[in-house]
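Please go over the structures that come below.
In what comes next, chain A is part of two complexes: it sits with chain B in the first one and with chain C in the second one.
Right, the complex of A and B next:
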């Protein structure tokens, strides 16, 4: 069995974002980057499937982006993936979901993977499209937002998350693609021995230019900070002062202390 | 401009999203037709064409078939945009339809502006204005972004839709209903919720102490429940409970859209967050910029002095 996991590197969402000079994306300097949270669940599910099958499947983890993308790839290898593929693209943030998925499809077509896992969306762009477009381009059945996964005899049964806490149970034959929702599993922390082992694993470097490129379908014309509605009161200072002011406000505005 | 609006149903009942789709069409000044896999017993109220495919025949989660049905409706209607809600149904189906139509997809639209679509990004901290370059587009709408209280009545003109039923590969087994809530937050006057900002599981009892000190119930955000720090019965948000207390306190919760959708009808909202830019600040009446673990003990002590 061959498993593919597609991951993305994103900024820490607690960062303070600034608009770049071109005005069409965030300024990428001075940001701490990490693996997209949803993708950690995708990596973990791939590793769990490999473990279930006695270590037989080979897991490839792929990511598109500049130099720094090596870091999350290394982390995925330390979590248990076997080999990494870095599609080098210094300008990947300018590509729309269609272009990213087309690039992944051009790569994945060669590999004839049995199972593909992606996060359900990225934390920065959040289009929730790349995994699904990839599946359509490869002609694979796909299911989004899985919160449960089990494999038996070439059949996969997944649970999809629905609104209000309900789920639907869906059965899919392989090969297939799944997009992973938070809470699907408990992503492991790489142990020190595994981090050391991961350093010896291969990360294949390929260039985006090695693949046929496609035209974008949706351009970001502008990135901006949403207008603050500014109706809220902001309390700063030390906690003694803040807590006193909050209690005073609650006395006036709510019935808590009556 | 003409839209094809995709209505949703679950368990044979129309989902309550038609008014949002209609509000969007009205704001865009577009004519529209509806599409739904459902039944004649549960129809959207509107004076428009409704392409209706039979739920018994095509199922509720059978995305391959639903895609083909939508493409058939597009063939008849030739819309400029196919519009879904950004829901578990919409985000699953929209990319399949967009690829087939060779159309750009814009996800989770919150506003429309001069032929461009505004969408949130970076966990709601920033916004993008997106310009499609394809003649036809597929859109998903952020839940709650477009609203219209008055839904114009009327009876749709039904056009029954059928396709050759090719065997889809995805086999829908059934629904699992949400577990019965052992904690009913929907009736609580005061809800105090813990978010990822509390740091670790061992810190959650402190937030429970604050809830107790205020005479309220303990809630939590999704990451806290996913991490196993709190039982799902405490989760506030679209996949948990939707609450509307007199006082809602968000402790270390950034304010992801899924959480906000579950508490925005609260009368008074206090957020405690060390990130001044956290999106929760947008809907909070009071934002306390502080580390939760430092502020909450001080607040509990202060509340103790009120008695």
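Right, the complex of A and C next:
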């Protein structure tokens, strides 16, 4: 069995963000970066599957981005992945989900993976599209936002999280792709011995330019902070007057009565 | 790897370049990852139990130690041969720094991995290591170190505990009482120092279940209440002869070498603790309003925040610079050297001066920080509802244990002078040169194209000031200088602050080419704010020493020299502090 995990490096969400000079993304200088939280669930699930199968599957972990992407790749290796692939792209934040998925597909096509795990979405862009587009490009079935995963005899049974807290159970034959949601598992801490062992594992460096260029389909034209909302309104008068006024406001400003 | 390998205390007589120092910006991916694992472990597994830990819960502490073991946090310094990781000191210090957030539990951890386990690692026989090291690395067993006695602390060699060989020659019978033993209440193995035949200071590995060993009651302490501190009472404790550690009569080597590393590590934990305390204070300053605005908008609060940030920057620079020095030196020893740990000890010993500097500087930096943090909280800082009072109480012990700051200060010039007399460092020659430059006017022009040219010129001058004071002291008192403690303390203050300023400047200089504009500005501001304060300390110490040593014309000449060599143009100091404060207030934490 061959497993692929796609991970992304994102800024620490407790950082103070500033809009960049071009006004279309956040300023990346002086930020602390870490592995996207949902991707940690993806790595953990891959490692658990490998452990369940007695260590037989080989896990490849791939990430697109600049130099610093080596860090989360090393972490994934320390958590138990076998080899890393760094698709070097200094400008990956300018690529839309379609381009990112296309790059990943170009890489993954060669590997004929049986199971692919990605995070449900990234904590910075949050498009939640890359996993699904990647599956489409590879012609694989995909199941999104999984919160439970079990494997038996070539078939996977997953639990999905639906709107309003509902759950569904889905069975999929392999190969297939899964996007991982909070609650799927508890990612392990990389232990110190494993961190040191990971140093000896290979990270293959390929360039984004080694793959055919795909045109972007969506452009982030502007990034800005929402304008400050107006101040609250205090209604006065007796209860009847107040409720009448409230209904009027709701009719004009909201869709409650439509 | 640094460009040059420096001898201990050599920084005082030579110029050091940025390529010679290791800085936190130089961490490898693995080092960062180990830091992250440690931090995550502490945040997720220890901090939620903090309250319970503070009430001293042996079982919880023992369980957390086993969890540390599972993650490999107890094998950082242990040799690979026994399943350890044998990582460098930079990694070890980073883990220690991250651990400081664990409060009292960090004391348990530090005592176990430091003074508890290192004697065995450095001096244990194959059999002893085979028997105990595994258990200590998994956390199945907890370790403690027993040196202090009710009647002897800093004068450790004055211990009165005794060890007498039994008639059948199979056991040593240990008698005496050991005082203030960290982890005493629940440790499984103790490294105990006692005198064989009442005169030969010797170390023993003593299991808890040893017949004749008993544990005293818990001390009621001012801080770090969640760590165990007890007496260990030895009443004919029957210790098998094979548990004698090292050699008879060589216990002092074990005791002091292990303390060297402990002092160094204390610098790292103090740095971590200061970062945490400062972060809380900045958050509070942003929340708390007075006169209708957050108190963080006031210059009075901003100055505190700037000073704290600058001091922590220096402290961090000291710790990792020293880690780099030690690692570079230890890396020159081939692993297959027979008596590897003997050569290793010499490497550690080489930097005993810098380790004492780290201990004193970082612990006093933390003292200043927690004091100001409490002040930022105002009246609420005095209550137990906010974390400031806990930081304040927990800090105090750091200036006492691992050798009081007085003992460590005395050790700094004491060791320098001893090495100078042995001819290991050309102190005399350099002091003569400094005196000469005192007599000749200076026409040196500053080269503005060099980053931190002003600070570098200052450092060169401060080193001269140190040499003049050290030279005057020895000239006046000859070898009796070792008894002039007030002068030695002042000389130590000079050496400490010079090392700290230099570490901060070189780190900032190393950062500049790769960092963003705002970060560059912050680093320059931190250097200016810190250099100003630390230079004033050097100047005060130098003047004090001059008055202690000389009188009349010679005194006047010394004072004039000090005035000249401690001149620092800190133009833009206020703006520097405001910049630094603004950055920290925006980030709501220590910013480097």
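Everything below uses one rule, namely that the second predicted complex is superposed on the first by the 229 of 258 C-alpha atoms of A that agree within 3 Å, B and C clash if a C-alpha of one lies under 4 Å from a C-alpha of the other, contacts with A are read in each partner's own complex, and residues count from 1 in each chain.
In the analysis below, a residue touches a chain if its C-beta (ideal position, glycine included) is under 8 Å from a C-beta of that chain, and two chains touch if they have at least 3 such contacts.
Fair warning: this is a prediction, and the values are worked out from it, not measured in the lab.
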- [ ] Go through the superposed model and pick first if A:74 touches only chain B, second if only chain C, both, or neither.
- [x] second
TODO: Could you say whether A:222 touches chain B, chain C, both of them, or neither, answering first, second, both or neither?
DONE: first
TODO: Check the contacts made with chain A and report whether chain B or chain C touches more of its residues.
DONE: B
- [ ] Mind working out whether A:136 is in touch with chain B, chain C, both or neither, as first, second, both or neither?
- [x] first
TODO: Could you say whether A:16 touches chain B, chain C, both of them, or neither, answering first, second, both or neither?
DONE: both
- [ ] Considering only touches as defined above, state whether A:191 meets chain B (first), chain C (second), both or neither.
- [x] second
Open item on the list: Let me test your reading of the model: by the given contact rule, A:54 touches which partner, first (chain B), second (chain C), both or neither?
Closed with: neither
Open item on the list: Under the contact rule defined above, give the chain A residues that sit at the interface with chain B and also at the interface with chain C.
Closed with: 16
Open item on the list: With touch defined as at the start, can you tell me which chain B residues reach chain A in the complex?
Closed with: 10, 61, 64, 86-88, 91-92, 94-96, 98-100, 103-108, 116, 119-134, 168-179, 190, 214-215, 222-223, 225-228, 232, 235, 238-240, 246-247, 254, 267-268, 270, 275-278, 281-290, 294-295, 298-299, 301-303, 306
Task: Complex interface listing, chain A residues touching chain C - done: 16, 29-30, 34, 70-71, 74-75, 78, 189-196, 198-199
Task: Of all residues in chain A, those that touch chain B in their complex - done: 11, 13-14, 16-17, 19, 26, 96-98, 120, 123-129, 132-133, 136-137, 141, 143-145, 157, 159-173, 176, 182-183, 186, 215-226, 228-229, 231-236, 239-240, 242-244, 246-247, 249-250, 253-257
Open item on the list: Quick check on the complex: what are the chain C residues that touch chain A?
Closed with: 29-30, 32-34, 36-37, 40-41, 70-73, 75-76, 85, 87, 515-516, 518-519, 586-588
